[in-house]
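Contents: one structure, followed by commentary.
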Amino acid sequence: MGKSYEQIQVGDQGHFEKTITETDIYLFAGITGDLNPAHVNQRVAESSMFKGRIAHGMLSAGLISAVLGMYLPGPGTIYLSQNLKFMAPVYIGDTIKAVAEVIEKMEKGRVRLKTTCYNQDGKIVLDGEAVVIAPKESC
Amino acid sequence: MGKSYEQIQVGDQGHFEKTITETDIYLFAGITGDLNPAHVNQRVAESSMFKGRIAHGMLSAGLISAVLGMYLPGPGTIYLSQNLKFMAPVYIGDTIKAVAEVIEKMEKGRVRLKTTCYNQDGKIVLDGEAVVIAPKESC
Amino acid sequence: MGKSYEQIQVGDQGHFEKTITETDIYLFAGITGDLNPAHVNQRVAESSMFKGRIAHGMLSAGLISAVLGMYLPGPGTIYLSQNLKFMAPVYIGDTIKAVAEVIEKMEKGRVRLKTTCYNQDGKIVLDGEAVVIAPKESC
Amino acid sequence: MGKSYEQIQVGDQGHFEKTITETDIYLFAGITGDLNPAHVNQRVAESSMFKGRIAHGMLSAGLISAVLGMYLPGPGTIYLSQNLKFMAPVYIGDTIKAVAEVIEKMEKGRVRLKTTCYNQDGKIVLDGEAVVIAPKESC
């Protein structure tokens, strides 16, 4: 599980995939306080441009956090920054794959990764980059 | 509830504040799959540089999402992008205030906001900027 | 966010709307201990007069509490009393709108509100009145 | 489990008791959308008259619903109305006992009950009355 700064190479990839449920969205709403009608109000959401309730963008971002903290670099990673572009909606029942790919080994143990979430049709729903401090030793 | 693009002015602020509990962190871990030991393993976490379990950075980011989607601009907002810098750890029991402040009205209904999370001591734990499309009419 | 006793006028309205999910009902059952078959036993519930599992009446009442505590009067409100008449069942997937309307400003900072929950067809599912102490200053 | 209208006598009592946790309050907040600072914001709550975060009044009311729907009259009961007076705050860790006592057998299978919630010190935190239709046969 996980790689140290030493072991990491540009091009390394990690991923995590999960089907997003209504339960995920409702619990996420409660945790964050984001009970925006787009997420929890079917009547309003179905008359919006998205035609139905959608997941919080930060929920998909959480899957990226899972990849970085669990797999690449993995446990011991310190999360410094993340850029996020919300490209397409995620609906209840969509299966989202978060992928992180190392694009640069920086100084002081830092690593830059391209971070992307795809839905089950291969469409990019979330795009961006992360910078982390990789662990000195893998766990 | 909320403001339309028309009503929004540079300098407008919205905020949401919540005490982060162990329950929040554990549910967030389950939803996102991010069961990094830093969040859910007290034994490992207390021997790390943070000296204890910390909340997911994306959980604090979720509070920003709550401000944007619930208060400013509010319901009807479309989230385009978010930059996040994780500045300091959030511990169980910390009370986090997410603040969004309009810093630019852009073309095509877009609005740029400075987004910041503070802990109960006024320390910045998360910093960044969001770009959203504000609703044409407030809800 | 919210109004003080001074700012409140008879006729003021606040509302909150949410689609009720199976998850909501099951978590509510666990929290309250109300695992009545009407709520969590599909086999029994479908042979009852309601023809299926229904939400707890107190779950809809909780949406009223959300309006009073979050929007009108809002943060700082002290809840004194609530009368509830359960008028019609709420099913999984129903979108419930809780509305509070100020009907009387009483002495000692007290306010009486008509509190009503409607489903997506505009049918009243819950009716009643609340008395609260409004905050001296809005938050 | 439970009694039919026929079997019920004035003076019959049912009860349910539970320790209220931070988890209960946070989940309840998410389900109902009531993230009032009194419930989820320790910084604000500790400077309020209650000196700390308190449970939602409707959470205690849910324990009454549990007694009526699970024990007296029990499964098959139809909840018609409930009056609630919130008498004292419920804190994280308080053990709340909800008691229902039959005070009147009415026409058409209806039963009136006195409904009271006590904390671990015997203090009344919630008081009121319920009217239900008791089941024709006990389940």
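Letters A, B, C and D name the chains as they come in the text, with residue numbers starting at 1 for each one.
Here is the rule we use: a contact is a pair of C-beta atoms (placed from the backbone, for glycine too) under 8 Å apart; a residue touches a chain by one contact, two chains touch by 3 or more.
Values in this document were obtained by computation on a predicted structure and should not be read as measured data.
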Of A-D and C-D, pair with higher C-beta contact tally: C-D
For chain B placed onto chain D, the superposition rotation in degrees, Cα atoms, nearest 5: 115
Chain B and chain D, separation of their C-alpha mean positions in angstrom: 35
Averaged-CA centre spacing for the pair chain D and chain C, given as whole angstrom: 15
Distance between chain centroids, defined by C-alpha means - chain A, chain D (Å): 41
Multi-chain contact sites of chain B, meaning residues that touch two or more partners: 16, 18, 24
Contact graph of the chains (line, ring, star, complete, other): other
Touching chain combinations (by label order): A-B, A-C, A-D, B-D, C-D
Residues of chain A touching chain B in the complex: 16, 18, 24, 27-28, 31-39, 44, 48-49, 56-59, 61-63, 65-66, 69-70, 75-86, 139
Touching residues (chain side chain C, partner chain A) in the complex: 16-19, 21-24, 93, 95, 120
Interfacial residue positions of chain D with respect to chain A in the complex: 26-27, 29-31, 33, 35, 40
Interfacial residue positions of chain D with respect to chain B in the complex: 22-23, 26-27, 35, 37, 40-44, 53
